[in-house]
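Labels run A, B and C following the written order; every chain starts at residue 1.
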């Protein structure tokens, strides 16, 4: 792999706090190595800003290995940047060319208000999990792990849904700002396992109700979420959620 | 969970769209089948016979009420969903995600639906309304719909509007058909690939046949 | 001085006896007792959820935007449990023995035995929560093997075991939040412990969004804040991982155990340049199939694939024929460093070795061909089939490698180098996980307890969850049973006010330095000192230098650090400065500890103490103890020793040859 250096123009959303109106500001960065990660490039910019007595760009990040789900950033019109099945922290600068202009925006959704610059409040996702994204089993209640054999395909499909890192890219990508891919990943993860069966009806009902309450839009099956998901969670999970919902509403008592 | 809660949730609203959409798709099959009789080359005899059954019999006339209710529900719910969803973003992106992640028509169902609605206004005022008013909105005397078609489709701009309406319908169906089944919970790849293929074929063939009708009259392909 | 409170009796009866005799709190009283949990990784989330289920009033804090982000999520390989599902002779004793041996006989027998006992319950609990562990076609749980063991006892979920376990604990935690038993404080950082009359009564926390300081009362405080590997600047830890919570506790009187015991993981992606902000681990499971080598010639310039077999040095297989590429982490790391220091390193920096899958690809390809019963298959086709198998096993790791380096590891061998990964050291705790401060507990990686001088793969997840799900619910009750007689302390108590003022003062001081160097640049310099002189190999000379250099650097930090912005706003630079300031103090203690321990053991390798073949040379006669350091004043620590008594296991020289 040939390494090269590049100069870039960065157009970045700046917003002091939740109540500030915010707007774009442009920056120049020089001699960025193609081996850097995207966030390391922002580190370079921030060092530069601190040296120039300016406020550095605030952005969320933590593990920088693509699993914690903390990093966000809407880069050049796509959540987490251009690479497929990727998070911002794993995006590397060889994806960019010398002289390019890179536009960086926060996740945009009314349910995710901006806290500062590129950082948004994703606590609605936690509250959706609180509404039912769990199996009600207290510590110590468990029986032997092998007492309940689970079909390997189901276990694998459940795992594929459970890989969701809760980053919110699906919301950012969706034209409706819908959290359905996030929601459905959890519903599918638990619905595919026998342990999840006792609560399957109330779970899907309550989680959907919470999503609506948090101010996310409705799903229109455009598929933008699936195309952008860093863990490539399948949109078929949404269909599964719909089925869960439909069957829950059919068997409801009242 | 009451029925009201079920159908007013974001998933429930989609269910309403799906159910009414499939109902309208079924109607399209009837409509296109019946209208295809114009190509029988019998001066409209077979077509008018079919049209007579639809217009002068209580059974289809009662179903017609259901059709309108379904259509109105689909339109109102659809428009409300468009505005509901649109209000969820707040500030728009400076750089749009565009077609990188989804098909343009899947994101434009509201627009396509609105074009179809405008076309429908013209379409109903061309055929349905004159006929029903002639009948006194009951089971009265019908007009000769075949002749009416000849007359309406002799005007170029009308033909163009009809063709545009059919194109909109094609794209609307291309997304709507398979999306409805996703909403009903068809998640397995095996069924989904069958349904999306079927939907695509349907979305091409049915609007194409509809579009050929005004064209056939205008260009005199039928006698 | 240090009382580990190890229950009397036979080793395998201790925990059962303890549980049978510890004090309990009745349900009505539990509702009145408040417990504060700092950190929401495996240990914190499982503890908060379990205590919430039991009926305690719990407050949980994390500095991230959601409890699900904690760095436990990045653990790849798996979790050990003595289930013996594979019928390969595993047992509680074997897991116990392997862990003690792997830790180079520097861990406490009673704690490790308890860990092995509850390990099986963890798997059951996680399965019940819906953790989608890998399964066999028959529907039963699957296992794989990990370094330093001879049985298959590692449960896993592809390369994302930590994620799945954490999500399980997180869901249990969110359930308690929904039920009102736990109150969650996201984007909050603990900045001090409030101790009144020798007892922990609460904390001072900072809301990182508003910058406001908050006082929180708690009958007990649980620190579950993970490791402090970021003292090295570059590590596999998350950017936010820090020592602050346990360091504040240390300053309030909690002894720090074995601070110098650091695990350097052998298979990480090497540093690519000065811009590097963190290092990424490639799971230990890769060593099952990859072969590690360097060229036999110093200053080799050819590409890896152009170097013929005869000119390659598979140094682990050469030095350790019995365990080969699967020697424990400390041994593998040191061997890599030895080769690179001797000039055999590869890549542009020459600080890397190859991890090669070519043999494995060929081997698997042949097996596939054999399965299909075909003959006369070309080598190309075998390689294609072999790559498929490798992809199935390690696909996500290979993808990650390619994203970071831009090289295709199916074609070229991976370049790897050791990196700081885990800290065995941490707050000293007794059998009940209580620190030397009453009511202050420490769980998971943050405490020093179970891994001795080196941790075995897939044991960190086990310890975090054991502490949170199965240990603390009992041991905490034993303390809180007496707390029901005391009235809750008001957060307007002078001790709270004083603690808050202290915190505010320190933040103000930091902000008012208004110097010229960024926090990041100073942190980088600290990391370099630590890595060069207190890293994979240490010596007395270097450690003495490091202590002086760190003192100097700390002075420079407090005189010249530059923090933009203000206090009462969301200010990530200030948060970072707070953490780095603590690293600057911790670094010194680590070096002091490393200097004091005149032996080599596990991850602690003193160059002066090695066998003629370059293996670690332990000194059980003089150093069979836990070093527990108490802070007396700045740069002045007092060493307390907890003698380690091995009643059941007989310590021997670790031998992997």
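FYI, a contact is a pair of C-beta atoms (placed from the backbone, for glycine too) under 8 Å apart; a residue touches a chain by one contact, two chains touch by 3 or more.
None of the values given here were measured: they were computed from a predicted structure.
Enquirer: Hey, which chain is the most central one here, using CA centres?
Expert: Central chain: A.
Enquirer: Give the label of the chain whose average Cα location is farthest from that of subunit B.
Expert: If we average the C-alpha coordinates per chain, C ends up farthest from subunit B.
Enquirer: Report the inter-chain centroid distance for subunit A and subunit C in whole angstrom, where each centroid is the mean of the CA atoms.
Expert: So the centre of subunit A lies 26 Å away from the centre of subunit C.
Enquirer: Just curious, how far off is subunit B from subunit A if you go by their C-alpha centres, in Å?
Expert: Using C-alpha averages as centres, the distance is 37 Å.
Enquirer: Could you give the separation in Å between the centres of subunit B and subunit C, each centre being the mean of its C-alpha atoms?
Expert: Centre separation, subunit B to subunit C: 62 Å.
Enquirer: Quick one: which bits of subunit A touch subunit B in the complex? Just the residue numbers, please.
Expert: Within the complex, subunit A contacts subunit B at residues 11, 22, 24, 74, 76-79, 103, 105, 108-111, 173, 175-178, 180, 205, 208-209, 211-212, 215-225, 227-228, 235-249, 252, 254.
Enquirer: Which residues of subunit B touch subunit A in the complex?
Expert: Of all residues in subunit B, those touching subunit A are 1-3, 5-6, 9-15, 81, 84-98, 100-103, 106-107, 109, 175, 178-179, 181-189, 192.
Enquirer: Going by the contact rule set out above, which residues of subunit C touch subunit A in the complex?
Expert: 46, 49-50, 53, 64-71, 73-74, 83, 85, 121, 123-130, 132-141, 157-158, 160, 163-164, 167, 170-172, 174-175, 177-178, 184, 186, 209, 236, 238-240, 272-273, 275-278, 280-281, 399-400, 403-407, 469-470, 473, 518, 520-521, 562, 564-565, 569-570, 572-573
Enquirer: Residue numbers of subunit A touching subunit C in their complex, please.
Expert: 1, 16-17, 33-37, 39-40, 43-44, 46-47, 49-51, 53-56, 58, 60-70, 83, 85-86, 90, 92, 94, 115-116, 119, 121-123, 125-126, 129-131, 133-146, 148-152, 155-156, 158-159, 162-163, 165-166, 189-190, 193, 195-196
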